[in-house]
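Note that the chains are named A, B, C, D and E in the order they appear, and that numbering of residues resets to 1 at the start of each chain.
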Amino acid sequence: MTTRPGLDQLGLSTGKKARLHRILHQHGLGNGTAIFLPYDQGLEHGPRDFFENPAASDPKYVIRLALEGGFNGIAIQIGLAEKFYWDYAGEVPLVLKLNGKTDIPGAIDPLSPVNATVRDAVRLGADAVGYTLYVGSPAQEHDFRQYLAIRDEARELGMPLIVWSYPRGTAIDAKGGKDSFYAVDYAARTASELGADVVKVNFPHPEKQAGAPAAYQAEFSSQQAISAVVKSANRTLLLVSGGERAGDAAMLEKARQSMEAGATGLIFGRNVWQRDHDESLRFVGQLRDILAKYPS
Amino acid sequence: MTTRPGLDQLGLSTGKKARLHRILHQHGLGNGTAIFLPYDQGLEHGPRDFFENPAASDPKYVIRLALEGGFNGIAIQIGLAEKFYWDYAGEVPLVLKLNGKTDIPGAIDPLSPVNATVRDAVRLGADAVGYTLYVGSPAQEHDFRQYLAIRDEARELGMPLIVWSYPRGTAIDAKGGKDSFYAVDYAARTASELGADVVKVNFPHPEKQAGAPAAYQAEFSSQQAISAVVKSANRTLLLVSGGERAGDAAMLEKARQSMEAGATGLIFGRNVWQRDHDESLRFVGQLRDILAKYPS
Amino acid sequence: MTTRPGLDQLGLSTGKKARLHRILHQHGLGNGTAIFLPYDQGLEHGPRDFFENPAASDPKYVIRLALEGGFNGIAIQIGLAEKFYWDYAGEVPLVLKLNGKTDIPGAIDPLSPVNATVRDAVRLGADAVGYTLYVGSPAQEHDFRQYLAIRDEARELGMPLIVWSYPRGTAIDAKGGKDSFYAVDYAARTASELGADVVKVNFPHPEKQAGAPAAYQAEFSSQQAISAVVKSANRTLLLVSGGERAGDAAMLEKARQSMEAGATGLIFGRNVWQRDHDESLRFVGQLRDILAKYPS
Amino acid sequence: MTTRPGLDQLGLSTGKKARLHRILHQHGLGNGTAIFLPYDQGLEHGPRDFFENPAASDPKYVIRLALEGGFNGIAIQIGLAEKFYWDYAGEVPLVLKLNGKTDIPGAIDPLSPVNATVRDAVRLGADAVGYTLYVGSPAQEHDFRQYLAIRDEARELGMPLIVWSYPRGTAIDAKGGKDSFYAVDYAARTASELGADVVKVNFPHPEKQAGAPAAYQAEFSSQQAISAVVKSANRTLLLVSGGERAGDAAMLEKARQSMEAGATGLIFGRNVWQRDHDESLRFVGQLRDILAKYPS
Amino acid sequence: MTTRPGLDQLGLSTGKKARLHRILHQHGLGNGTAIFLPYDQGLEHGPRDFFENPAASDPKYVIRLALEGGFNGIAIQIGLAEKFYWDYAGEVPLVLKLNGKTDIPGAIDPLSPVNATVRDAVRLGADAVGYTLYVGSPAQEHDFRQYLAIRDEARELGMPLIVWSYPRGTAIDAKGGKDSFYAVDYAARTASELGADVVKVNFPHPEKQAGAPAAYQAEFSSQQAISAVVKSANRTLLLVSGGERAGDAAMLEKARQSMEAGATGLIFGRNVWQRDHDESLRFVGQLRDILAKYPS
């Protein structure tokens, strides 16, 4: 097992340390691990994602689910935060997602435009902000500039910055795809180089090698791959994303390997709230059982 | 017993509610009451306050005391927050005191100059800011203007504002003194009128009537006085200050009457850290026993 | 011997740590101690201070003296820094003094007005800035406000802030005077509470008790007094000022006691450059011999 | 003879050097010396100064005089610069005086308020700006702050800053007066400490010793005094002011001693334009004969 | 041997001179030469560059290597600087690289987007900033505009600006390629024309002439080529890049010829940290032996 660094070993400012301490040690299991509930799919994909479990269309339902499930935070866009977080303010940490986009235009050079500020997050009592960076997109020039302003404001206000580090674009597609080991590894490192406090990545698939650089053209187990990705993130805490809904056993095994690799935790949305209520909590209970084995 | 309002009945913004929720429900007894440890006397009175218990000269000792004693927050100036809070960031809520002064020049028109900003508080992960308002001082014009800027910045950033509402000046002296029922009652109302989220007052002495307006020239029990003061504060949560060190029985009775009156809690400094370590914790334990009887 | 804290124990930001590392470990003895050469007396007292050693009227002579004497830094005003530091840029650390005043008007409520900015200091490659705070002056309200802006800009730019913490005013005079134990102790604590990184104080005189608070009305050796002052400064590094020129033996004993107490070093101006050249270096050599015994 | 430093020995930025080069080497005698014509008395004293030679009431007359007399620059306020400099733009260097005041209110704590900016000076093609600093005034706090902004803007725009360094106020009066050796010496040093490029002072009177510090209570010749003053200004070029109109022989001897001491030149207004036209030019011719002996 | 200019001959401001003095005379060999360790490949190429020596994936390992190897500075991106430099702040100079990109999208018109500011560099105690300029890229219009802002901020803050001057794009490919004598020579001059303080170039290959302008279609030795390049950079100090890992003998000969030509030093990354630890230091020792022969 890779040793996960403590909050005092990450070069954090006082405010970032205070807020991450709250998230990691005063919510969820309180053992330094975390499971986040992302709920920005209403913007990213539209209401179609709620058809499987219509209750999940109601933000209030999902925030309550985060509380009931003992999540360490809920990641939402500004509109839902303004209208729904007051009821539960402080009860579950808020991660304000600062950018987002619809998936309507076919994006060959994706960029996620900013729709809220770090000041909004402070004002709403959030404990972190989220930013989607499309690593490998031809729009990286615009993306980096937009990101710089948010990184800087987050620094000034002591607000932890969680980067959704997503490989995207035709070049990524040509080099193994967005969840290849190469792409995920590069994405984790990019977030670290650009100053994320926490990075969210997909679980890497080492078998997707077509077109990837020579270094990745070899046999790697998925445990080796996720361990390398955590190492590439170095002092940036790493969260593994659930992505689209998949089989439970596979998801739990990914979770276990991630924690074994030294990840800080998980960020599972659709795999949670696309089930009915009790089933959601049962699945989260299984994830918590895994996290409980990796205290720091 | 006066009923203390819940956080959802105070007209709070989302950020203020989130932060007060943390203070009142995720620290201390977690029952909606609070006991704060103020530690700005090194600036207000100088090191002489530490001669009785030299260990208390060390900010680290005092922050640890706040943790060990289960306090809901520690109130310190910017310098100590910058240098000492990192070690315990998030473990005990920080109340950044934004103004303060030395007691060297004889102040007939006291004013407490600002030495830090609400942004500093946000940056350091504080859950509230403190401001000393000298009610009745001839300098009130300057004081109110300075206060306005802070109230406004606190509003913009969702930061709860605790006002140390202190009657001061020759006019106050001539009307019963700074801890008369009249003065304390007026101070509580003034903080409420000016937009404090929480007000810190001294315990009122209804027998100090000399020079006070006619309305206060009557028999009031101390329970009646503190009840009236809490009512004057209306939706501004009220904390009762310990002031200079005094006898334990008297302090505990004050605490009991305050909570009975509907106060949210206590803010005791010298009465706590001017004792030796174990004695401090024993006394705090007695205060907590009282608070435990007044959940909300 | 009190243990002096290392730079990694002071809650410093990266930039402040980098700059203090340079000053304390890459100049002078390089052992974590420091001796600074202050040279702002041309503004504070006028050219009369140079009559004893006319060569010292020339800033170039004094900067060279700092180099020859192995000083850890030279503290000058903006005008001299602009015109004279280029020649020796980087060879001896620059401490840009940001405020200052002439001593022409009789000051009963002294305030030292700002004449340069932290940006000036950055632009000139300085490793620290200096600010004179007149503790106890009735002008403290204005002083604190002016100081706040500088503290904040220094924080933003990672520039160490050295506070010349000088008790002044009629209230100080009435309580034992500007170099009483009471006054110096309070001054050290005030700088710490307000967020100085380094504080410069006069050596305390415990026998000056007339009018001081009761706590200081007792027998204290000068060693006890300076040790208490260093403790009051807690994580703020402490420098002892030489003040007006005095006898060598007394100065050296003060230096020894200061270092024994845990001070970081000395800041001696007139006691150095009011002598002729070789005599200056001989005296500095004696001071360095003392510092050499207190590495950290 | 003290050696006057060249422009390459003063720590000047490129723009300041370029503009001073124009003033000192492309106008007047072109030998590194200078004689300026100040013409701000219409504001400082009112039209009464023009009664002796009514022609001098017309700015056009005075600017032409500067051209005919071979002056190195003319110092005027913004209003005259806007209306009259266009006619002769570039023919004689413009020194835009940025502050000034009427002498109507009796000033015990004088301050000269700003009425133009360094940008105005750039816009008008000026080669320097002028600022009056009242050294020793109780208003120094305000003065220094106002001065800081101008010094900084002048630096950013590469504009030479000439400080009219004038001792003023009751404290100065009590220590020997505004043209005592003590006062002038301190004024020269103050300008240097605060970053003037050029300083304008009165000729010092060493016999005015009443109330001055001990160092100045001795026999000094006027040559010794002016030499000390030039030394106190160090790398700040020094101009000697003519002041009120006085006898020609005395003025010429002052000029000679000043240049002998290492001054850069003279700034003579009323002594020039309060005469009739031809007489003005005759007198200036005598001053130029002196300057011609001190090339650099 | 071409004579390398001293720091006082380069038209540097005080702050730039102070910081370059530190880099060139207080670190490394302290003889005016420099060897820098660039470590931004994690962003530029991704983690694949660390597969040869997995230890090099850890920024802490590489910063320690810079210390052990006696490097004059380490060039990293903001994220690594924030998280890893604190531990060694001031011990080895920091060059904050302000722009960078992933190599995922195929760039025919490369531009390196900015992700940090000169203020970040100041705040972190850096002694220089780095900027990649893609000379010849069709995106040069955007590049120059982006560069202008950084050059200006670097000037205002006295921060030396190191330009990674990289010929890139299809036009460069058609004229001899990115390391042709023509391309490198033009790149050195471009950085000088645009105001770089230091320029980093590849070693020129005079034999790559296909498509180059006529002037370069001749016999040049590599010594002649690098000498011409250093001359093209004039008062901009020149560093020669190691580029991809190559044979030791060839690298050492390039280094020798560069220093002989008047270069200030080397910037070698992969050639250093892609070896194992002891081998890295051995190779650096050989480079230092060369630099030792070219003091200034």
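As a convention for this text, contacts are C-beta pairs under 8 Å (C-beta built on N, C-alpha and C of every residue); 3 or more make two chains touch, one makes a residue touch a chain.
These figures come from a predicted structure and were not determined experimentally.
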| item | value |
| --- | --- |
| Interface residue overlap between copies chain C and chain E, same or different (over half shared) | same |
| Identified repeat of the B-C interface (over half of residue pairs identical), from C-E, A-B or A-E | A-E |
| Rotational angle, Cα trace of chain A fitted to chain B, multiple of 5° | 180 |
| Whole-Å separation of chain centres (CA-atom averages), chain C against chain D | 35 |
| Chain B and chain E: spacing of chain centres that average the CA atoms, whole Å | 57 |
| Between chain D and chain E, centroid-to-centroid distance (C-alpha), Å | 49 |
| For chain C, residues contacting two or more additional chains | 11, 13-14, 82, 86, 142 |
| Of all residues in chain C, those that touch chain B in their complex | 10-11, 135-138, 140-145, 147-148, 151-152, 155, 167, 169, 171-172, 175, 182, 185-186, 188-196, 213-216, 228, 231-232, 234-236 |
| Chain D contact footprint on chain C (complex, rising order) | 40, 42-43, 46-48, 51, 57-59, 77-80, 82-84, 86, 100-102, 104-106, 111, 113-117, 120, 142 |
| Residues of chain A defined as touching chain B within the complex | 13-22, 25-26, 81-82, 85-86, 89-91, 94, 119, 122-125, 156-158 |
